[in-house]
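Would you mind keeping the following structure in view while I ask a few things?
Every chain is named by a letter (A, B, C and D) in the order it is written, and numbering of its residues begins at 1.
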């Protein structure tokens, strides 16, 4: 059994890690930390765990955490940056569900996250973990940067087009929509039910922290600069991300579907929908799947790609477990085979 | 492997059976029927199953169904009444998720369901399957009547009080609230999003089909007549039932908590919450659990009992699988150990 | 034109007062206060007011407020208690939408609100303003205590029964449900969309601050003690209150409908629904109406009364304006004749 | 008083017309028709009208309708096409909230709506009624085609850019999102609460009926062909449309804000939001306003324009009344000055 610990388990990615790891046949969750809730039972905060978990929150420096095989950071940015090194020094693998190791350029990271990056060496060693893109590197990772939710949905939608040079790279528009759980569990007027339900809005239009992450990764695939416009929106629902992506085909007479099918034929978690079927976020609710649809616009060289994920699963905790499975040479699907909840 | 079939798989209890049975290590779903969708792939109707199921709908008299070890009827009332006998004659066990065999008095059944009951012999042989109440009978059932959603929530909340004679039986008020999925997946103006969201209402106040079922079962526990007022309400959410039950204690100085704890100490799916903690329907969303809270009203002999279940799981498909596990001598929890989805 | 001011205008009752007062032909809103937002434009906080209001927040001691004819307190408890006197001393009428002057017994108030009541004289002079019950007193009020939302729904449902001695007074059960806006606009983890949507729960079962208010007012109507059980619940929607009330008829053969019709025949804002029609909260969304339905339970002496209001209108700001109209000898319906928003 | 009639009053635009017209000081609604509900009271279908309306549904050829000054068609496509002429022949003005007279090319209309257009003469006489664009023509209209909801939001967002030649016209992307009420009140599995809430999806990606309408009107403004990609999405909420529009500036150094401010400085119902403020659909819920925000993307020639309306008000019934006001020489804002409902 792999001994796993969670740092910062009071948010939505924390409880989602617990839900999925308790269902994982080869993992035992031995510790979960919270400074503010030290000593308190986890099921008193997350009543879905009543009868399912005897865990209590501990401090982040507890003995149990230091005996883990792997530690997940489900913390705000800046925490994993400072804390990951000590675990790695003890031979413990680290997966950061936050943003501290996603941007390889420390200056760029500082610009978007507002604090200096203090761990250049660790940053250089970190592997960005989108298995469908760089499974081989994930296999050998000690410190893994788990991708953001929007970047996951956008990269999976664009990879077959970019790597096969099928689209113009100077003008990609990613109009993305997220459920409210992406904003976290902190007390915040802006995400009250009465402020977000029965409404829809864009946010971060001028610049959002996932923009440099998406751009960096698309450019790695492309091997050149990419022109990207990224606008996130808030949907009045708990879970789900829907990316609607607009690109211009280099040759509008080319059928791009076979490129998608080939790219994902061996990928368990990515499905290409039939012609004319468009994805719904609810189809992947609670599951680690990504569903993608491609639609050529008639009389135009415009192609629309739509992709959906559950932001807390393939966009966070599920993908972290997928990465863990790869890092520990397990079957990549282990513990991730639950079917999505519908309705 | 137990071979299972589903009759009438196009509704919400049908797709929920699929979700749970695909997760069950000892069951293989071999057939699912729908007259209207014969030949159509199941995942074209329920896109959460894309990549997870190769099944197509068949007619209800398909060979595959007749080779099953167990058949689940997830049909409107009247269908199982006519169809169950043929399976039973072939030695196939039947679980009816509908109402055809829940009311032991055929005349009473006809009064509430508007058609004659044509199968008195089958009706007499049917076992009402609330495992926490009559596990022994379930064990030997050939034809099992799976309880309604409201009746499940109300019975689990009241059983320890009634069987221990702690309350007056002539005046029990059950104010119950259900998510909209309880109304089914049929095209219906009354359950459109625009008609049900951002609103709350009572319905069936003068009489609801679950009333005679609840009354019958409470009276079996009590061994005498019970005075019941039952008012169901519609909550603008997909899943969940919350029962708020008002009873008068025979002796207000008696602490009823120990009776609840004793009644459910060996029950995996029923949890008694700590004093002052009240259940939320979301805590059991997607899981087979029932959470119950007890609150004595100060300076009064009134006791309030609150219980929550997921109407599609413990209130339908999950309980059906729990019953199946008992009927086939499996561990009762098999395939039902997924943790609830929160948030 | 009546000059009106609002103290504490940053919450939901504040913005609702603005919406309704801007629609009132005989009122001019001259000031709205907020300590934290002094100087900030109101439409920067409430974007529904963009283009409709040039107001900015001021401090609570601004000159404009002191020149008003009426001041509304839309503040947490304790604020009106300290601030109302100074306005009244200047001849300015005061309506408190909060709880400071609702409970006539200062000790009882302190027990529920956790602080001492410092204004016994003011408290004695305050009029509890449910127009359908005590319009005459409202007419002459200088300091008006605007009722709570639950108390409004429950009193309107019970008044005809109690004042005509049709029910047993020792055992009234009020099972009430509220939208989330009742919990206010403050940053609060418990009322995040992700914590409240897709869920339903009871709260304050052991004791809620509206309990003594309901009990006090019912006892005034009854002229004797009343036995009340009150359980509030949270509904995943923004607006609306639904009260389901269970009482025992003294004489089950009496038809109570004529008593309701007589009681409210001259009341513009209270409607008795036809037999078999049950109220939906959405039917009164954004309006000052209360819809009431009565249902006798067959073969029982139990009567169920259902009433719905919009908690922010008839349950708060609309009722405050109705009271103001009476206090200023205007037609009681002025500014309150908008039809509810459906869907 | 203007005598108004409504043909087809059982849908959401019908009840919204009633809500707004009852609030209009110079209009009397004298008749509302429904073939299926002839003789039934309107408030039995729309309980928000209880106590507010004594109307009953009549047949579409009732005397009352023929005595109107204006008739609104709130019907599926094809109905106004056949019925408008008879009213116009009697000197009654007609506003069609449906699509029958929006597309000036009858063949193009037939292609998208699947039936022949039988009224070429009427079609030629119809005025497309977006007041902010062609108020003068509206003034003299006898037959007015009320714009679609998406077309309203998109045109208002683009008009200042196109008419001032500030953007490239060959590649405009309109990513639009609508609440579920846009799909109507008919019984339809696809718009059940359990099928649409907690989910987000695109639809009509390959072609939507509002596409030719938007294209036609943009091309009239531009005086040349326009390249448009239009993708509508369904948002889990009742009301609201949010358009996110991506265009390329001809000269990225030009500040486009003054062009927007100038274009709408005299328009009561269109507001340009401050820099960095993005619109929320809830800010215009229940009101006739359109709020627009402009955001230049840094280091790019891309401009993002966001606009929001209430699909049932500015996107349908409110705009119809605005057009009626112009056609009858009333103040354009009459009856439309209610402030939006927030929260």
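Rule of thumb we're sticking to: contacts are C-beta pairs under 8 Å (C-beta built on N, C-alpha and C of every residue); 3 or more make two chains touch, one makes a residue touch a chain.
Note that the coordinates shown come from a computational prediction; the quantities given were computed from them, not determined experimentally.
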From subunit A, the most remote chain by mean C-alpha position: C
Chain pair with more C-beta contacts, A-D versus A-C: A-D
Inter-centroid spacing, subunit D versus subunit C (mean Cα positions, whole Å): 36
Whole-Å gap between the CA centroids of subunit A and subunit D: 39
For subunit A paired with subunit C, centre-to-centre distance based on mean C-alpha positions, whole Å: 45
Two or more partner chains touched - positions in subunit D: 12, 181, 185, 194-195, 197-198, 236-239, 279-280, 282, 285, 343
Subunit B residues touching subunit C - in the complex, by the definition given at the top: 171, 173, 175, 177, 179, 194-195, 197-203, 205-207, 227, 229, 231, 233, 235-240, 242, 244, 246, 248, 276, 278-282, 285, 293, 295, 297-298, 300, 302, 304, 306, 308, 343
In the complex, subunit D residues that touch subunit B: 12, 180-181, 185-189, 191-198, 236-238
Residues of subunit B touching subunit A in the complex: 12, 15, 18-19, 22-23, 46-52, 181, 198, 238-239, 268, 271, 273, 277, 279-280, 282-287, 289, 291, 337-343
